[in-house]
Amino acid sequence: MSYDKNACAPRPPMGWNSYDYYDTTVTEDRVLANAEYMAKELKAFGWEYIVVDIEWYAPGAGSQRDKFQYIPFSKLAMDEYSRLLPDPERFPSSKDGAGFKPLADKVHALGLKFGIHIMRGIPRQAAHAHTKLLGTELTAADVANPSSISRWNPDMYGVRDCEAGQAYYNSIFELYASWGVDFIKCDDICNTNAFADDRYTGKHEVEMIAKAIEGCGRPMVLSLSPGPALIDKAWHYEKFANMWRITDDFWDRWDLLKDMFTRCELWERHVSAGNYPDCDMLTLGKLGKGFGAERDCNFTPDEQKTMLSLWCIFGSPLMIGAELTLLDEATKKLLCNKDILSLLDPYRIRRQLYRDEDKAAWESKSHDGKDRVVALFNLSEEERVFTIPGCEKATELWSGESVSASEIRLSPHACGVYRIS
Amino acid sequence: MSYDKNACAPRPPMGWNSYDYYDTTVTEDRVLANAEYMAKELKAFGWEYIVVDIEWYAPGAGSQRDKFQYIPFSKLAMDEYSRLLPDPERFPSSKDGAGFKPLADKVHALGLKFGIHIMRGIPRQAAHAHTKLLGTELTAADVANPSSISRWNPDMYGVRDCEAGQAYYNSIFELYASWGVDFIKCDDICNTNAFADDRYTGKHEVEMIAKAIEGCGRPMVLSLSPGPALIDKAWHYEKFANMWRITDDFWDRWDLLKDMFTRCELWERHVSAGNYPDCDMLTLGKLGKGFGAERDCNFTPDEQKTMLSLWCIFGSPLMIGAELTLLDEATKKLLCNKDILSLLDPYRIRRQLYRDEDKAAWESKSHDGKDRVVALFNLSEEERVFTIPGCEKATELWSGESVSASEIRLSPHACGVYRIS
Amino acid sequence: MSYDKNACAPRPPMGWNSYDYYDTTVTEDRVLANAEYMAKELKAFGWEYIVVDIEWYAPGAGSQRDKFQYIPFSKLAMDEYSRLLPDPERFPSSKDGAGFKPLADKVHALGLKFGIHIMRGIPRQAAHAHTKLLGTELTAADVANPSSISRWNPDMYGVRDCEAGQAYYNSIFELYASWGVDFIKCDDICNTNAFADDRYTGKHEVEMIAKAIEGCGRPMVLSLSPGPALIDKAWHYEKFANMWRITDDFWDRWDLLKDMFTRCELWERHVSAGNYPDCDMLTLGKLGKGFGAERDCNFTPDEQKTMLSLWCIFGSPLMIGAELTLLDEATKKLLCNKDILSLLDPYRIRRQLYRDEDKAAWESKSHDGKDRVVALFNLSEEERVFTIPGCEKATELWSGESVSASEIRLSPHACGVYRIS
Amino acid sequence: MSYDKNACAPRPPMGWNSYDYYDTTVTEDRVLANAEYMAKELKAFGWEYIVVDIEWYAPGAGSQRDKFQYIPFSKLAMDEYSRLLPDPERFPSSKDGAGFKPLADKVHALGLKFGIHIMRGIPRQAAHAHTKLLGTELTAADVANPSSISRWNPDMYGVRDCEAGQAYYNSIFELYASWGVDFIKCDDICNTNAFADDRYTGKHEVEMIAKAIEGCGRPMVLSLSPGPALIDKAWHYEKFANMWRITDDFWDRWDLLKDMFTRCELWERHVSAGNYPDCDMLTLGKLGKGFGAERDCNFTPDEQKTMLSLWCIFGSPLMIGAELTLLDEATKKLLCNKDILSLLDPYRIRRQLYRDEDKAAWESKSHDGKDRVVALFNLSEEERVFTIPGCEKATELWSGESVSASEIRLSPHACGVYRIS
C-alpha cells in the first residue's frame, strides 16, 4: 500500500513554533518548557505540535543581530555526510550524534508531536568542502547547484534534480525519522522569489522531499514556506505537501491581517483533509525576544479574535507564535475556545459570503448541513452594522451570548462568529 | 426566498452555439434547423441549449469580412430605449417589436432552451445619439463610459456603476425575459484585457447583470466571456455567474488543446453545482462557413475524443460548434456517449492525478465513492504506455472494451477513459 | 529642397500655454490679453509662443467640472469635412468659417507666434455620423479606428494608417496653415498608455502628422504629449517631432520636481537643435482657475528657481503656465534672467555631473568651451554644503553675486547657478 | 589633476579576445601567437588590444565541458590576500608570484596592449575560507555578500559597499597595475539580471572599481559585461566606464545581427570619446574550439560586411573573436579596410537615417561636415533597391567602386557604405 501523505494531517495542524519569540536563538530547555505548558494547558483543545524553527544547526546564531539575522559563512554543525545537526550548545542532549532524538522523545512523552524547520538544499559549506553523501560515491559538490540560493539566508545551495540529490534528501529524512520528527517546515521552497517568471524554482525539490518522506519510514507533515504561495501551482502543492504558506511572514499589523482576507478568498476552494493553505503563525502574547525586543503583540483583543476567527473558519493550520509560559489568561482563553476551534474541521463546507473594503463574511456548514456558522468581520475604521439574512437569533461563539441577527453592531476591526439557531 | 443563481444550472450546460460555424451570419432558419436536429438526435443525451452568438442585432453583419469581422459605425437594430433588437433581415419573426420571442417559443416547443450572446455595455450609437433609457430620465449618454470599450468589437461602451446604469441593465433583461431567454453569454466581461494591472474592468457590470437577472423574473444561466478568466477573481465569478471561460477563443489546434490541460489543472477545485469553468466550444464537425471558409475540424478522431474526455471529466460546459445538420455519424456518436457525458455530474469528485509534457491523468469518483473512472491522456508525439496502479481490469468507456490496466498503449494525442472494475 | 523640421525650432521654444490656468475654458480675449502682456514684457527675453490648449472646439467645455473634465458625447464644433473648429462662443472671431485666422493674425501682429493643441485622431462624432473628408471619397467612418481611443479624453478615434487617413491629416494641417498656426501640441500620442507592451500606438500617426506638416506649406513646431516619452522610441521622436514630453502632466509639487532630475539624466544626450525633451509647463504665478480653484503656485521661491534652472541647463522648452496678466514682480523677474535663459542654447555642451537622493549638479559649456556654468541643486530637506572642484571664485547667475566656490551652502530645495571665472 | 577615465580610450578600442575561439581554455602560448599575428598583420590598421577572457584563474577549466562551462566548487588559483592568480598550468610564466606580468611584458614588447577579464566580486572560496585581505584587518567573509551571485558563473560573491570592500578592489587593481594590465573586461556587472526590477545590482561595484582604477597608478580601459545594458543607466555607465555591452553574448546568427540595428538605434546618442556602447565581439573566421566544436563562422561574406559596417559607423569597440593565426585572406581583408575603420572616430556625427523590418540606413559625417558617408543595409530576405537622396555618384568603401546613387541594388543581408562625392 502506498504512502498517503494526507493521513498524517487529518485536520489543520495546531501547535507552537519558536520563531516569533526566539528567532534563531531557541534552546532545548525553552522548547521543553513550551512543550510542558502545551501538554498541561492546551493539549486538551487539540494543540499538539512543538516546532523548532530556523538555524537550530548554527552555533552562535543571533550573536550578530545588529548586522545579520543569519550570519554568513559561519560554521554549521554537520555530520560527515553533509547533514546538519543541532547546535550542541543550544541543544545539549543532541551531543555525541544523538541529534534531536532525546528532545523528540521528551516531547513525545508529553503526548505531543515534534517538528523542525529546514532550509531547502544542502549546506554551502558541504559543497565547498566536497564532503561525502550517504548512499552515493558522489559528494556534496556534485549535487549542490551553485546558482540556486535563498534570497535571504546564506546557509544552503539548492539540490540538483539527480539520483545523488535524491540520495541526499533520503539521507536527511532517514536521519529525521530516526530522531522521531513528525513535522517538517521546509523553507525557501514554496515561493523562492528567484525569478519574476519562475517563482517556484524549488519545485523538483518539493517532489524529492515528498519522495524522501514517503521512503523514510515515518509519516511527517510537510509544510512549505515562505509565501505567498502561487495559485497556479496549487495542484502541485496539494499533490506533494500538507500545508503551504499563502503569505509572506505574517506579523501583528492590521494591514497584514486585513490583507489575509484577500488571500483566504483566493484559496477558499483549496482546503481539504490533508491540504491546508497556511495563514502563518498566530502573533499573540509575548513576541520578539530573539529579535532583540521582547514585546506584547500589537493586536487589540478585537483584532486577535478576528485573526483566530478567520484562520479557523477558513481552515488554516494554527501555530502559536507566543512564548507559551508567558501567556496571559485572556490570550490563553482565545486559544481554548472549542466552538471556534471546531470550525477547523476540513470536512465543513466553507465559503466567503462577501468582502469589500469595509466588511467581510464567511459561512461554515457542517458536512451534513445541520450546523451553520457565520462569521462577520468589520474591516473598516468605524462601527458597522451587520445582519444575517434569514436568521433571527444566533449564538455568538466567543461570548456565548444570544444575539438578534437583524442588527449586529461591530467595532472597527472586530468580528463575531454566530451559530445559527 | 431569494433567487438562487445556481438552481438553473444543476449540471454543466450542454448545447449548441452558432459562432464556430456562422460567425456573425447566423439566421433564424439555421437556428431552427439546428434546434430541430438537436431535439431529434441529441436531446435524449442531455443536449438542450440553442445559443445565438454575436451581432444578431447587426444588419449587414459579415458583409465586409475581407476588412472587418465587426463592421464599425454601422447602424444596429435598436428600440427607442437604447436596447438592441434582432436584425429583422436575418430574424424575420422578430419584426414589429416581437424580438426573439417567436424564435424562442419555437425552440421551447421542441423541448429545448434558448440563449443569446450579448456584449457588455450600451450601444455606442445610443450614447452618441443621447437616446432614452427605460425607467430613468437620464439618457444613454449619461450611463455610457466613453473610456470603456472592447478591445475587439466596436459596438458598445461600458456602463457606469450608477443607478441609471442599473436601470439600463434591468431594462434589457426584462426584455430578454419577455422573449423567453434562458441563457446569456455575456462577452467582453470575463477578461476585458483593458489594463495589464486590471483585467477585470467589467467587474461592476457582472454584479449589475446578476442583479438584473435576479430581478427580471426569469431564471437565466449567466456565462462570461472571453477568457482566460482570472484565477484571483474566481470567488467573484462563482458568486455572480454560472460559467466563465478559462481560455481565450478555443479552436481546433493541438497546441490549444494541450494547453487546456494546464487550465483545467488550475481550475480543478472550482467546479461545483451551478459553477463551471468553461473550456469553450467543442470544435467538431463542419466549421467556419461564416468566416469565409467552410471546413472539417482539424482534430483527428483521437484528438476529438481527447477534447471531449477532458471537458467531461473536468466538468466543463459543452457547447457544440458544428453545424448540426451536417454532422457525420462518427462525430455524432462522440456526442452521444452516455458514459462519458455522465462524468459531467458536478457532484463527482475529480482531480488530476498527474501531468507533465508527455502524459496526463485524471480521476473521477462518484460522490459515494463507489464508481471510479480514470482518464489517461497521451500528450506526446509518440506512443506511450500507461498503467492504472492498483487495478487489473478496466472498461474503456469510448470503446466499451475490457482492457488490462497494467499496460495501456495510447497513440500520440489519444486518450482512454476507464471505469475501474 | 526638402522640408527641414528642425529649422523652425533652432532653440527650445519659449512661450505661454493656457492649460494650467484655464483648463478647457480659455477664451479669445484672455488669449489676447496674455499675448499683449508677452509682447510688452517678455518678448525681449525670447518668449514668443502663445498656445491655446485643449478643447477649444468644445462648446460648453468646463460646464460640468464637478463630473467631467471633458464632457463625453457633447457636440463639437466641426466643419463639413470632419475638421474641428473653434467654439464660436469662446472665440467669437472664428465665426463664419474664419477659424483661428483672426486671432492668429492679432498674435502675429504683436510679433509673436501662435500655437494650438490638438488631440490625435478624428472626432468620434464624425465617425458615427459618417461625415465627409476632404480629398477622398471615403468618410470619417472609414479612417476612424474604433479601438483606438484616448485613455482620458472622449473626443476622438485614432486614424488608421491608410491613404484616406493621410488625406484627413493633410486636410486639417492645410486648415491650420491657412489660419497661420506656428506650433502644434499634439496630445494622446507621445505615450498613449494603451497597452503595457506597446505604449506608442500612435506611432504611425506621428509620421502622418509630420508628413502633413511637411506638405502644408507652413513650418510648424511639432510638440508631442503626454509623457513620459519612451526612451526606446527616442530616435523616432527625434526623426519626426521637435519636442516630446518626458513626464506625465507636471504640477507644482516637490516630488514631481525632484523626479524631473531623474528624467533629465535619462534624456541628457537627446537635446540638439530642433530636438527637445520637454519637461512640461512652468507652474508659476497664478494657476488653476479653470479647474475651479484659482491659486498661487505651491512652489517656494527657491523651488521656482530650481525648476527654471533645471529646465534651462537641461535644454527643455519653456512654456509658462501662469495667467500672465496676474504675474507678480518676483515671478516675472525669474522669467527675464538673460543669463539663465541663455543656457537654453542647444549648442551648449551639457551633462549631469552627479546625482543622488540629496544632491545634483549639472555642467553647461559653450560650444567653444570658453564659457562654463555649473548648477548645484540641494534635493534634500536640510542645508547642504557644495564645492565646485578646480574653481575658486564664481558668479551666481540668479543673484549676480560673486561667491567662493569652495564652500557653497544651499537651503533645502534651493539651487545656485555659477559662471566659472 | 584628477584621473580622466576617457583619456585611455580616445577611440573605440580595437583588439582580440580569446573567448569566441577558446572559451575557458586559452593558454599563454596561444595568447602570444595571436599577439604576434596582430603585431605583424593588424597593428598598422589600429588593432592593439590582446584580451584574455574568462577563468584564466581556474585550473582544469574546460575539462568537464559535457556538464559545465564553469566547474563549480573547483579550487581557483589565489594568493594569500584572496586575489585570483593565473592558472600556472596554462600560464607557465605566471609561476612564483609573477602573475600576468611576463605575458603582459611580451605583449607590450610587440607594441600592443594587454587586457584581462574579471568577474565582479570576491572568490566564494575566499569567503568560505575567511582568507585575508590586503590593507584591512577584516577577511573575505566580511566583504562577501552571500546573496549576491552571478546567475551563470559559480566563482564569486559580490562585494559589499564598505571600506573593506573598497580595500579589496584596490588590492586587485594594484596587482593588475603591477602586472601591466591596460584593459579590464569586468563581467556580471553591466546587467546582472538579478531582479526584474533591479538589473543593475552591481552598480556600487562599478563605482568601487572605477575608484580602484583611479587609484592604482595605471590607466585602464573599463569594459562592462554582459548586456543588454540598461538605457536608463546610461548616465552611470558613461560616468564610470569606457564601454558597456548593449547586447547579451553576440554570436554569428542573422537574427542577432539584425537585432543589433535596434540596439544601435537605441544607443545612437551615447557614443563619444571615451564612451562606447559595445556591440560585442566580431564573430569572424575560426570559432568555437574551446566549446568543443571548432568551426567557421556562420555569417556569409555579405553578413560579415554588414556586421563590420554597422559596428564601425555606429562607433562600437571592435574585438575580434577569431583565432587570428587561422585567419583566411578574405576575412583578414575585412579587418584591414582603413576607410571603414576610420568611421570609428568618435568625433564623427552619426545618426540612423531610417530603419524598418526591411531596410536601414546610417549617416556619418566628419566633425567639420566635409566628409559624408552613408551606409545602406538590406535587412530583408530579397534583393532591395536603395537610393541616396541628393546624391548622384558615390564611392563604395568596401569595393572602392564608384556607383550611381540613384539605384543601388543590395542582396539580402548585404550592405554598402558610400562616401558621397
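Going in written order, the chains are labelled A, B, C and D, and every chain counts its residues from 1.
Operating definition for what follows: a contact is a pair of C-beta atoms (placed from the backbone, for glycine too) under 8 Å apart; a residue touches a chain by one contact, two chains touch by 3 or more.
Given the structure is predicted, the values throughout are model-derived calculations rather than measurements.
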Could you tell me the least number of steps, going only between chains that touch, from chain B to chain D?
2
I want to compare two interfaces, C-D and A-D. Which one has more contacting C-beta pairs?
A-D
Most remote chain relative to chain D, going by C-alpha centroids?
B
Length of the line joining the C-alpha centres of chain A and chain C, rounded to whole Å
57
Between the Cα centroids of chain A and chain D the separation in whole angstrom comes to 50
Once you find the CA centre of chain C and the CA centre of chain D, what distance in Å lies between them?
41
Return the residues of chain C touching two or more other chains; collapse runs of consecutive numbers into ranges.
none
What is the shape of the graph in which nodes denote protein chains and edges denote touching chain pairs (line, ring, star, complete, other)?
ring
Contacting chain pairs - touch in the sense defined above:
A-B, A-D, B-C, C-D
Listed in rising order, the residues of chain D that touch chain C in the complex are 2, 231-232, 234-235, 239, 265-266, 268-270, 352, 354-355, 389
Of chain A, residues touching chain D in the complex
72-73, 124-125, 127-128, 130, 141, 144, 146-147, 149-152, 154, 195-196
